[in-house]
Structure formats: C-alpha cells, structure tokens
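When the chains are written out, they are named A, B, C, D and E in that same order, and each has its own residue count from 1.
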Amino acid sequence: MSQMINHDIPDDHEIQIEKKFIPKDLDIDKDISWARINKDVLRSLDRPRPIFWVIFFAALALFSFGVYCEKYQYDNGLGVADLNNPQVWGLYIATFIFWIGMGHSGTLLSALLHIIHADWRKPIYRYAEAMTTFSLLTAALFVLIHLGRVWQFYYVVAYPNERWVWPNFSSPLVWDATAIGTYLTSSLLFLYTGMVPDLAICRDNATGARKKLYTFLSLGWQGTDRQWSTFRVTYMTLACFLMPLAVSVHSIVSTDFAVSQNPGWHITSFPPYFVAGALYSGCAVIITLFILLRYVFRFEAYMTMPILNKLIKMTFAIAMVWNYLNLIEYSTVWYGDNMIAKQQLLDKMTGTYAPVFWGMVFCSTVMPFTLLIRFVRTHLPTLMVVSLILNFGMWLERVQIITPTFGHSQYPWTWTSGWWPSWVQFGIVAGSFGWFTMLFMLYCKIFPTISMYEVKEMVHDQGKMLKAKKVA
Amino acid sequence: MKSHILALYNDMEEAALVLDELNTTKLPGFSMKDVVIKSPIEHPELSEKLGKRPVYVQLFTLMGVLLGPITGLTLVASAQASFIYQIRGGRPVVPIPPDMVLTYEFFILSGVLMTVVGCFIGWKLPGNRSPLYNTRVSEDKIGILVKAESSAIPFLHEVFKKHHSLEILGEEK
Amino acid sequence: MIIRKILFVFSLLALIVASFSINAEPFKAGGALGTQTIDGYNALGPQVEQPIEFPHYIHAKIMKINCMYCHTYARRSAVSGIPRLDKCIGCHKMIPEVRDRPRIKKLFWYWDNHLSIPWKKVHDLPDFVRFNHERHIQRFYFQDKRPVREVCGYCHGDVANMTTARRVKAISMGWCIDCHKKDHQISAVNLKTTNGPHDCWMCHK
Amino acid sequence: MSLNNLIKNWTSFRARRPYLDQYKNADYKWAMVIDLDACTGCNACTTACYAENNLPVVGKERFEKGHAMHWMRIERYWGEGESVPVDMVPDKGAQFLPMMCQQCEAAPCEVVCPVGATHHSADGLNTQVYNRCVGSRYCSANCPYKVRYFNWWQYADFAWPNPLELQLNPDVSVRSKGVMEKCTFCVQRLRESMDHAKTDGRLVRDGEVTTACAQACPTSAITFGNLANPQSQVAKVWKNQQIALEKDEQKKDENMRGYRIFEEFRTYPSVVYLERVRDLEA
Amino acid sequence: MATEKKMGVDRRDFLKVLGISGAAATLAGCGNTSIESGAEKVQAYVQPEDFVVPGNSVFYASTCTQCPSHCGVMGRVREGRVLKLEGNPNSTISKGKICGLGQASVQIQYNPDRLTTPMVRNGDSLVPATWDQAMTVIKQGLGKDSVISGEEIVFLTGTTSGHQKVLINNFLNNFNSNNHIAYDALSNHVGETVRENVYGYSNPVQKIKDAKLIISFGNDFLGSGLSPVYMATQYAHFRKAPRGTLVQIEPRMTLTGGNADRWYPIRPGTEGIFALGLANALVQHPEYDKAIPDEVKQALQAYDKRTVGEITGINPDAITHLVGMMWERTPTLILSGATAEGQKQGYQNAYAIELLNVILGNVGKTITAPTENPFPQMNPTNATYQALVNLNEQLSAKKVKACLIMGVNPIYTEPTFVGIAKNLKQVPLKVAMVTQLDETAELCDVVLPLLSPVEDFGTYVAEYQPEGVEIGIQQPLMEKLHPHTKSFGDVLLTLLKERDPKNYSHYPDYYSYIREAVIKSKPVFKSSMTDDDFWDSTLMNGVLHIPVKESEIKEVKINIADLPKAEKAPADVNYPFYFVPSIKADLRDGRHANLPWLQESPDPMTTVVWDSWVEINPKTAEEMQIREGDVLEVQSSMGSVTAQAYLFPGIQPNTVSIPFGQGHTSYGRYATNRGVNPFKLINPITDEKTGELALFATKVQIKKTGDNKKIVKDEGPTTLQQGRKLVVTMAADKAELSKEV
C-alpha cells in the first residue's frame, strides 16, 4: 500500500494541474456507482433522443440515393460518372482513401492509448473502434464501386482456379486488398473481443430477441478470473498487432500512388504523409461523433469535457504533424530537379484545380488553429462545425492528390482543365456517408457505445487512488 | 460428489478477506484451485491470491506469427511461379519487395487470428454458463464460486457468511 | 447472377481439386460418351436437335471416311467449318440406293432450293476465345502423324460412335491449359518435347 | 504450384527484363520505327486502326467528355517550351506525333494490374486480355503515355447500328463496358502469320506481316517488324540509329535521329521515333 | 479467280452473306459467356468457290471512288462481308497505300442510314416504293415513247470518268442530247485552265519527288489535293536524302503547310502579286534573266520587294531569302493551290505562279507532260462551278423536262445567291440516284437506291495521272447488302434497252457491259490471253495500266495580259475579315459527312471533331477578347452562321476560317444538324477569267454572341510539348539522312 502512495504523487500533481485548468465538475464522477454506469449506458440501447431517428432516416435516405446512383452506373457503365481517359479515378478513389484514413484514429485511440495505459480513452474508444470498422467497410465498398466490371471482382481474390491464373501480387491494389482485409478482420475481432464483457452485461439485462442476440454474441462470458486474465493478455496482444497494422495499411494505400510514376505521387514521404493525414481526419471525425453521441445518447456524464479537451489537443498535434509532412512533400518537389513534378505542383496551386488546393489549405491548415481558442474548444456546436470543416478539408486533400495529377500528368496532350465529376459520383460519395452513418447509428443503438467495464475500472482505479491519498 | 457454491460480495476488500481466509483453510475436499472469482472488472490483486494461473494465449500468438509469414510467402511465391504466363516487363516473376509486403500482412493476420483463437480456447468459450451465475456479477458485485466436496460446503457457507456476503447460492439438489 | 458466379467459383474449386489428381490419358475409342479421354473434364453437353440427323457413325465408322474429307477447312483455317452442301451432294448423287431415305430426301430438298442447312453449333466457345483448328491439325495430324480420330477426338470425343455430334468435354480454359501444360513429343521420331503456348493473346485478342 | 518448381527455377524467376542480348536467340520481338519527318499527320493510320480493331465511334457528346477510343492518336504541337507568345507564327509548321501503346519492355502498366490482365508476351508485346480485366484503371493511371483507353460505356449497344456491325473484324473481340483496351500492334495479324509460319516450319519473314497503321501510311512513315531478326528493316534502323532496347539512355551520334519517348522513366519502349527534320534556313 | 465459271453472276452467289451470325457473335464481346450447345447456328456455303475458306480472308482488288484520285484498293473479305480496305500494290496511284477517306468507303456500304428502297414523291414527301413503281414514274418521262430531247434533259453529276461517263453520254445521245453537266463545288478548274493555257496540259505531272525546293501557294497536295495518297508517297521520297525543302505560302495553314519547312501567312488573294515579286527578284540572276521576254520583265519591275511586302503582308526580306534558295536549289517546283486560285484574280494568280516555273526552267524537269490516254472517251469530265450556273440558267428558262442527278448535292453546296433549289423544283421529272438521302435527293420526285462503291462494277480514270495512265477497275467486294439496291448502270441500261433494243438488248446487265468494254480494249494492252483470262486477270490486278510515254511540253506561252494587277481594294468597314474556308481532307465538300469514322477523325490541324468551328488568330482573338469556345456569328453579305471560336496560330491575323463539309440538314444521323455550312456565306465573286466561283474571296464580320461552349477536340488545354521531348526537331544540315537505312 505504501508503495502505491509514493507512486501516486506525480499523478497527484497532474490532477492538481488539471484541476487548475479544467472545471472538475465536468469530468467523470469518481463516486459514480457501477450500477449507475450500467443503467446509463444500457439506456442508450433503449431510448435515445428523437434526433437519433432523424439522423438515422436521413442517412438511410442518403444511402438509398447512393444505391440508386450505383445501380444507374452499374447498368450504363462508368461513363455516367463523367470519368474520362486521364481522369480515370475521380472521387471514388479519393473518397476511398478518405474512408480508409478515417479508420486509423479508432485504432489510435483503442490500441495505442491502451498500450500506453491512457485511462481517458476508456469511455470513448468503443465508438472510435466501431467507426474504424464501418469506415473500412465503406472504403471496401468504394473499391468495388470504382471497378469497371464489378461482377468479376473475384478475379482479384487469390484462389486456386482451373484457369491457372492468379492475381498479380506485384500490384499495390492487391496489397491494398490484403491490407484492408487484414485490417478489417483484425479491427472487427479487436472490437468484438473488447466488447464481450459488455455484451454479457447486455445479456444480463435484455429480454426477448435481443437477449438471444446478446447471449449468442457474449459466448457465455461470466467474468471469471481466468477469463479476465486471458482477456487482458489477448487484448493487449491484439493492440500490439493493430498499431503496426494500421500504420502499414495506410502506408500501403499510399503506395498505390507512391509506387506509380505520376508527378505529384512519386514521393518517398507519401507513406508517413498518408498515415498522418489518416490520423488527422480520424481524430476530426472522432470529435464530430463525440459531440453527436454525447447529445443523442445523453452521455454527458461519460463523454466529458476534459476528455474532449484531450482529443482536441491530440487532433491539433496531429494536424501539425500533417502540415509538416505536407510542407516536406511540397518542398522536396520544389527543391528537387524533377521538372515535371514541379510543373504539376505549380499547376496544383495555380491551375484549374487551385480552388481545391486552397480549400484544403484553408480547411486543414488554417482551421486547426481555431482549436487554440477556448471558446471553440468549449462551445460544442462551434466545435462540431470546426470538426466538420477539418473533415471536409481532409476529403479535399484526397481529391487534390488525385485530380490535379491526372489533369497535369507527364503527357501534356492528355491534360484536362476544369474536369468536374458528375452527379452520379457525388451521389455515390454522399451515399457512402449515408451508409456509414446508418451503420454507425444502428450499431450505437444495438451495442453499448461506451465500454461499461472499462469505465468501471477507470472509476475504480481513480477511487482507489483517492482513497489511498486520504489514507496518506 | 462435488458441488458448487457461490457467494456475492459488495466490494473487492471483502472478497479479498474471504480469499485470505480460504487460503489459510485446510479442508478435505476443497482446494484453492477450485475457487473462481466472477467480477464485473478485472481484479489483479484478487487474482494474485488465487495463486499462479498461467495464460497460454501468447503461445498461440507465437505459433501464428511463425506460421503466418512462412505459409504466406510460400503461397504467394509459388502462386507467382505457377502463374501460366510468367513474364512481366521490368520485374522478376517472384519480386521480393511486394512479397515482403504481403508476408508482413500475413504475419499480422495470422498473429491476430491465432491470438483470438487462443483467447477463445483460454476462455473455454463458447460454452454454457454454469448454473451458479448471478447477473449482479456483471453489474457491480464480486462473486466467489467454489467447487468442493459436498461435505465441505457447509463450512464454506459459514466462511462466506462470516464476511458479510450479500447472498449465497448453492446448487439445488 | 452473383449467386451463379459464386456457385461457379465453388465448382471451379472442386474442379481444381479433381484435376490435381488426374492425369490426362490418350484418346480411347469407343466407350460411353464423354469417357473417351480420361482427363477429369468430362462434361456431356445436351443433345442438340439438328435439321438433319446426320449419322456420323455411318460415315466415319462404317465407311471409314477421314474427318477432314468433309471438315476440309480444319487444316487450313481457324474454323473447321461445316462441310459445304455440294460436298454432300457430290457423293450422294452417286449413291442412288439411299436416295429415298428421309434424311437424304431432306438433304436434296435443301440442295434443290439452293438453301444452306441451318445446323446448330454444338461446340460453342465464348466470343472472346479464338481456337485455331489449323494449328492443332497441322501439329498432331500432319507433323505427329497421329490417327485423325484421336487428334479430333481429344476435343470432340469419339464422334465415330455418335449420330449427331454432341459435346463431351468441358471446353473450359482449364481444360485447354491442362493440355498446353503437358509435354508433347515433337514428332514420332524426335523424342524431345514441347508444350503448347501459354500466351494469353493466342486465344484472347 | 509446387515448392519444388520454385526452388528449381529460382534464378529464372528472379530474372528481370530487359537485359542485354535478350532477343538475340529469341524468335520474335515486335518493334516499330516511326519517322516523324515523313509523318504528315494525315490520320490515315488512325482510321485504319478503327477499321482493323473494331474501335467504336463514340459520338460528339462522349468525345467531349474524353471518352474517345482512338488507340492511335495524332498529336499536333505548336512548340516545345512551356509557354507561347500570343503573336507566335508557326513558321516551321506544326509538329505531328502519332502516339499509341509503346509496348514497353518494362511497362509500368503491367506491374500494377491487380489481376494480371496486362502482362508481357514472349514476343515482346504488352498484352491486354479483355476478358480478364476487371476495370480498376490502374494501368491507365500509371501509363506515362496515357495510351490506354477504358470502355466507359457499352459501346456495342450504340456504336454499330445495324448493319454497321457487319464491318466488325471477326478476329478481334468487341470490348464490353468496364474493360481497358489499347493498341495491340494488331496482334491478330501477328498471330495469324506466326501460325502460318509455324505450320511451314519457319519464322515470319520481314514484310510478311505489318500493322494496319503501317500498311495504310501513305508516306510509309511507320516501319514494323521483328527486332529479333537482324535482317529485318526495323532491326536495321534500330541498329543504324544506335538504339539499344535494354538501355534507358542511348549513347549515339549527334546526327542520328532515333529516340524513344520518356526513356528516362525506364519503360524501354519498343517504338523508336526518328526526329522531325526542318530546314531551319528555309 | 481460278475458275472458268461465268464470273460475276456466280461470284455474287458465293459472296452471299452468311456470316451474319458470326458478326452478331463478335458484337457480344467479352461478357461472361458460358459454353452453350445448340444456341447459335452455323451455316455452310451451298456451293462456294474453292478458294473460299471460312475463317480465312480473301482480298479482291477494286478502285476507290471517294475522291477523284481513284486509288487502287484491295478489300479484305471474309464470310461474304467486306471488312477493310487496303491499298492495292498494283496501283501506280496508291502504291499499296490508302488514306482515311478511302478506308471509310466501307461505311457507305454498311451505313445504317442507307437508302434501301426506291422513293417516290407523294405530295410533299417521299414515300418508299418498289422498283416497278419508281421505274413507271421514270418511264413516263424517259420511257420508250418519250420525245424529250436536247436541252430538255439534264444529267447532273460530279466528276465522272470511265464507263460511267461513257454510259451517261450514250444515254443522253439516245435523247439527242449532250447535256451532261458536271458540277464540283470545290473544282480546280481555274488552275487547270491556266496550266492548259501555259503548258497545253491541264494536269501536267508535278514531280515533287525530284524537286529540291517546292514553293507551294496554298496547294494542299498532302491533304485535300488532287491525288493525296500518291503525292504523300512522293513526298516521302522528297524528304529522303538529299532532302528537299518545302515552303508553303497561304493565308490559312493546311496540312501541307503544317509539314512545311517554312510557312508564310499571306493576305488572301495576293498570292499572284507575291509570285510576281519573286519573279522580279529572280530575274536579277543572270541565268534566269534570259528565260523571259523583256516586256514581261518590264511589267515585273513594278513589283519590288517593298510594294509586294505591303500588299501581301509578308516581310519583304522573305523574297530575297526565297529567291536566294531558288537560285541555289534546283530543280525547284512551284505549285499553285486552291486558296490562290479561288480568288477574284484567281486565274492571274495561278498564271503568275506558273510563270515562276517557266522562269526557273522547271518545265520538262519537275513539270512534265502526262501520258496520253488511248481511251479519251473515258477521261474524266471537267467538273466546274460554272456548270451549276449553266444548269441554273437552263432551269430558270423552264425548258428542262427531266433532270437526273447522281453523285452531287447542289442544294447543299450551292452558295445562297445561286438559288437552284427554287428552279429545280419546277422540273417535272427529277430523278436522284444516291446511296443515302441528301438535301438534293429530298427535292426529287424519284430517288433510286444505288449500290455502294464496294458492291458495284465500274471503271475509273483519275484526273491526275502521274505514272502512265491507270484505269481503275471497280468490282463488287461482296454480294449486295440490300436486295432493293441497283447499279446506276443497270438503271440506265434498262431505259436504254427499251429505247434502243438493237444496240443494248444483248447486255443482260451493267456487268456484261463493263466486261465487254474491258475485253474490247485488249489490243491496246497487247495481251495474248483469252477474253476470259484477260478479264479475270484485270479483275485480279484491279487496274489496267498504260506505261509512261514521255511527251514533251512543246511551247510555253506567256501572255503579259494574264498577269495579276495589284488592286488596292478599299478597306471594307462592314466586313473587315477575310473569309478563307478550309477544305478538310476527309469531308471535302460535305459528301462524306455521313461517315462516322471521318466525323470522329480529328481534324489534323485543330483536332476538332464532329463539328464546325471558326479559326481565328490568337492575336486577333486577344484584341477582340475572344476565348476558345466563344460562339461567334460570322456574317457576310450573303448570310451568317454561328460557330465556336478556335484560336489557331496558323492563320492570318485578319482572316477567319470555317471548314467545309458540315451543316447538313438531311444526310443521315451522322451528318444532320452538325456544325454549319460555309457555302452559304460565299459572296457572289467569281474569277474574272473563267467565271469560277472565288471561294476564298469573301469578306465577313464577326460578332460575339456571348455564349461559350466547350469545343470538342482531341487536344488538351495545352498545345505545347512543355519541354517533354515528344517531337524533337533536328536541323536539316545536321541530320545525315544519307547514312540512314
């Protein structure tokens, strides 16, 4: 016991410092009863605020429109998307990277912060992890949407066949498929494993069909000491796997570009740049969802302002990393002697796609500095708007990686100016947001969005510390 | 003839005292190995009192990370080698860097999968819950489940009661 | 559609497992339809109704007419072709004794009306596949001097035992590849072996 | 599919193309020479390509969107630099460039195709197998020459209203929507003549087969042939112009006109262009 | 053609289309087809020729009829369908090569808008009819009992030659008429007249291959010239070592100009003046001094460098420079072309240009006499614009009772002021023979569907005969596609047989007519073959060739009165721009606008497709604040059209250009309502000497309409190589062409 007290002295300082800057009453109540936690969280599965249904049906409508667009495109060919010879990818691949990138901060919150025992992640990591899974699902959808012959997509899958043909393992697209598949499987398992104790709680409190579902999913979890110790080891091991995996996934996505010879893509710093961008956009989305869930599911007591504040700090830091890598990218091109890449960079900034570029600069480089303003950090509607702008900026970033490069490639004859995607592309992109929101909202309605057992652990540990202090 | 008995406690301290007492108790037909704690959160300090209970998950992980890359690389490389057309301009038929990338992904995938498999085996899941399960365990109570000879049950009952257990459940006969 | 494709994938998987264990064997005359070559790719096609029920067994088996006497284009063109009508008539004019049989009557009806017979395709490849009869005939019949019934029969089965022809092989890509992967002796004298080209643009262009 | 195969042939699986003397003992390596001094930009070759290879006429609206399917395009440039004054007079004429698939020996498109629909054939062609293509368009994205064309529409539905479809070349597939296509060096002609030569037990003779564009070209600016045959016209010109297939930077005399476009990207194209000549004193 | 069967009749039989199912199969392309049995039909030939092997193609020689150069072509035929045309190596004109225009002939054959049945007028509209019905209508006017004669019958065609021409003349003779009117909207009659007057030959051989320096005044011999394929083959030799130099002088850069070593923009109509300026400078050299009489020399003195420079807009130093080259590089060749000849002083311009050839002594060296055709009756008719004016006069006099029209579309190509449409309507019997309904056919009473050029027999003699004389033999490459189409020869023979059974009844059809005519010519070719063999070998070769027989150009006349005069036209305030419409090598006068390949083939200079555009100099555009794609109204005193602006550096600053060929109101789905028709802008200015229409002498004004539409073209936003080393240029003195293989 005495050892523990000594250990806690630095923590005490930290708490003191925190107290100085953040009103304590806003943080999680240390004395909250465990039963109360169960009740609060389970209530979210039952009766959220009515706005939930508004969001859900809006998302459903958007998704239906996306499905209509995709059907139209499937029937008529990709021509309806107004893609053309140099502009072969358009918004589909841009949005694909956006969704892949978005998943990364879920892993950051759940895995990295778990490894370094950052306690504050506990109330929020679950939805971040869910977001990872669903954004990966959405991203995988874009791979299919953009294929010319979706119905032959299984050619990309490596399976022994009578034709004696295999996918081309040298293609970054196959790496992509493998990496995304691995990532999706791993984060799904990670999400699920971490959720099992909570599913058991749901099982113990649910009735009817839901009970059957939870009973099935919780696999008979009883919370025995053996289960807990196995769980601890497993969860930590998975977290250790997930961190490098997340880094490798977006690095591999970046090789789609960095491996090819196009000006503006053939850059060594692309992998870290992509990873930073991924974390950046992911953090912005986490802030958005934080505010949303906090309101919709009445999670004010758990998703507290200090946690949000930490998230904002993290977002700002990552935004700065991203900006740094962005600058690195441009300056290596600018000071390098690749004439074609330099031309392309100039065109990106001054050509027909300059609005996209400067839009990105405004949204992703200038906007994060507003996070330094206390009002923005504490006034949730404003923060919501800012986080959406950051997100939009990161989407623009992906668009400006793809479109200007195709529009100003090595081959001057095929340059395009003023290329603009058709409504079908926008419809499908919007539909993907609908699909993601719909899935995510559905998830939040069915599964506990806040990790109950971990919040219990958190208040237990902190309560213990307080008690220890009192003893001292 | 062995049977089960479960006692619920309000908090860890109380449960710890029970375990301390059980540890010192020498009773025929009862062993510390048969004591199981059920709790809503993890409880390292209670587990310590139960003695060493090894976890084998990481053995599976090791197996996964060893087998994954080897099978992955072999699969990829031999698929490339047996592809009916093999000539690709500018690159060898079996190129090292792409195969390394894929091997890496296989390494992680098989590591993750084997870990989860190991976890499920460690959990002995999916399985049936023991009849002596109380839903309050998943809420905020600590449960101590003991499996012992029927003869030892009354004594254990006494011990539990001594430490202000909220509820004691025994197997119905 | 997707379901069909998934089923297709699984059937292919089954096929590959089968094909691993089975080695192609030379052509065997006679026997049940589809078993004349044992290569694991037996896939008996439907019985196709033709305008005239052409008796291959009379021509090829009883009369012992070389396949290429009628299917004369096979050795110089990618398509083997259906025999031209005047080829049929050329012989049958000389055989008055069978003139009254219904099939021959029908044949002469087409001839008299100067119409071509609307035969139905029995061995139909997808439109992106281009099989070249000429090369196969040149290689195995003229160069290797194998019996014509075997050379044609490897793909078409033992037509000499059929009335109207019927597809007896899968004619799938794996089946083609399977043969192309095999070592073929260069000639009856030269014991060196070669195998068929693995160039996609040989068949798909 | 065996480990044995992998180990036994390891060195050959690790060989990279192109390498020195690669085609010395090979039967075929198809290559081309285009004399830009002879090319007048008349578009006869492109029309011949439409006729030979079943290229769809896409119509004005689709052409406007950039959906044109010309495998071969004649580019017309007014200058080499990056900007041009408004009052420029093109007093040295225009610069015409026939551009089609360069059949690179180390083609950037081949490496990135996820399904291997584009790969290299033994006779040095950069193949495109339509029925294998899933339409990821990565090859087009990675092609520095941008000579790959994607079927954005089901052109067969409208490009050949009856009876125009009777003109279609039965030796060439009509491509469905969603697949990539490109110049094939008229592979249907090559394969036919190679087959005939094989039947006769010989190799294809120089001049026996040529591409549709080379056949049509009124000024004979396009020479096509077998680079592996040192007696062929193409091989002679390559040698004369001191172009080596396996080099990405040619060391040649100043007054030699041969060059390959974008050699610095190490694509090792199979098409040699001969510089346009202008009498600058005229 | 190994068999001794009656060719033709049986040939048609075995060419029967049976590959239909094959073609449909090709269309399906690479969907996910599975193997099926019994789904498709496979039909065999009934009684084919021995050389017909399914799956193998057969090549038949024929002659291209797409333009008057009549190249020899070969058609690739498989399963009874013609698939592609190639050049015929036997032909001295095409030398085995072919242009895009020629390739597209197969699209006339398979055009989805082809006329497949006769049409007969019923009130305001044409309705499909049977041949019997159509012939009944025709026979009412031109039948057995017809008394129409002389000027009452008109046969209007474009340039015709060979047995078509012979048959038309025979037909007209039967009506005691010789009223065969040959009209060509883009005729080169002015130049031909000049050369006829100067050299005695309207189309002397211009040996560009032998020249070391060619100065071409707007002669687009590589693009829309008289024999572009032949000229291109010669141009290739011209560019080989020792390399010749090409200088092009024209107001708007043609394809030939784009290939010139040096291109000079010149004020339209002043080409002759520039030529005189050159001539004046040329005679400073003692050698050339002798070549011309003093009176001419004196007349030339008015054209000193500065004056010429002022008039033509070309830097005066260019004259010194060019003359310097002419002195050094012999032999030279000076060519006059459409933009120089289609002017008010067109004749004089061309005359002045030919004068240069005379001074330089090119006559006999690079300009030689063509070989004489032993069959002069087959020589091509001289198609002119004047013919249209003649026709209009005849029509307005209301004497014409029957008008037959074939191969020409005057309603589309006539300038607005001619107004032939109104007069033509009054003719009681108007018969059009077409493969596809066009503007003129729509006006007619009877429209007969002709066989396409790849289905028909015929013989052709090109206007330009560079190596001997070549008679092109046209033969069907396939069985006729539409059962109710007929050869024009058969139509005329049907009528002739009725009117003159004695001479014509022994011809069962046009094929036998041609066959007999060709066999009759056997003695000229000193052939010892039998008639059948001669005919077979002629069909196999595709051409009958009369070898070169050099004859000298005897005297060269120079008439001082025919030289152009410098005219100081007052600046036109209302119409400040010269209008120089361009002739596209593929669409020509619009007759090929129905062929989709040609519509989609980018214009070589601008890369615009499927449309009309207004070429305007970037400098002028900047002054007028015109951007690419701005919709401009181009107005002449005759009318106005609107089209999008294209900034084109290869054009005079005060000149605008619209290509001919588009703006059809009725010509099938590919041509109708596409672009504008610049013929409707042409002012009523004619060449003073010949009366030919001055196509390039119109002045226009341009106005911005305020609209802007994206111009549909192949090129991207840049027209520069951006330092990419795509087309590298080497100085001619650096290149060692002689060392090349």
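General observations
Definition applied: a residue touches a chain if its C-beta (ideal position, glycine included) is under 8 Å from a C-beta of that chain, and two chains touch if they have at least 3 such contacts.
Quick caveat: nothing in here was measured; it's all calculated off a predicted structure.
In summary, the chains found to touch both chain C and chain D are A, B, E. Counting C-beta pairs in contact, the pair that comes out ahead of the other among A-E and D-E is D-E.
Distances from each chain's CA mean to the overall CA mean are smallest for chain D. With centres defined by CA atoms alone, the chain at the far end from chain B is E.
Chain A and chain B have centres, each the mean of its CA atoms, that are 30 Å apart. Averaging C-alpha coordinates per chain places the centre of chain B 63 Å away from that of chain C. Between the CA-based centres of chain A and chain C the separation comes to 58 Å, rounded to the whole angstrom.
The set of chain A residues touching two or more other chains comprises 151-152, 160, 163-166, 168, 170-171, 174, 343, 410-411, 413-414, 416. Multi-chain contact residues of chain D, defined as those touching 2 or more other chains: 1, 68, 73, 75, 77, 82, 99, 108, 111, 116, 119, 121-122, 130-132, 172-174, 176, 179, 262. Shown for chain E are the residues that touch two or more other chains, namely 26, 28-30, 32, 715, 720-724, 726.
Contact annotation for chain pairs lists A-B, A-C, A-D, A-E, B-C, B-D, C-D, C-E, D-E, with touch applied as defined.
Interface residues of chain D, counted against chain B in their complex, comprise 1-3, 5-6, 9-10, 12-18, 104-108, 110-111, 116, 119-122, 126, 266-268.
Considering their complex, residues 177, 181, 198-200 of chain C touch chain B. Per the touch definition, chain E reaches chain D in the complex via residues 17, 19-20, 22-24, 26-31, 78-79, 81-87, 96-100, 103-104, 106-107, 109-112, 222-223, 228-229, 232-233, 235-236, 239, 243, 245-248, 253, 255-265, 325, 481, 585-586, 596-602, 604-605, 607, 609-611, 618-619, 622, 649-650, 669, 674, 710, 712, 714-715, 719-737, 739-741. Of all the residues in chain D, the ones that touch chain E in their complex are 36-38, 40-44, 46-48, 50-52, 54, 57-60, 63-64, 68, 70, 73-84, 86-97, 99, 130-131, 156, 160-170, 172-176, 179, 212, 215-221, 233, 236-237, 240-241, 254-257, 259, 261-262, 273-282. Those residues of chain A that touch chain C in the shared complex are 151, 154, 159-164.
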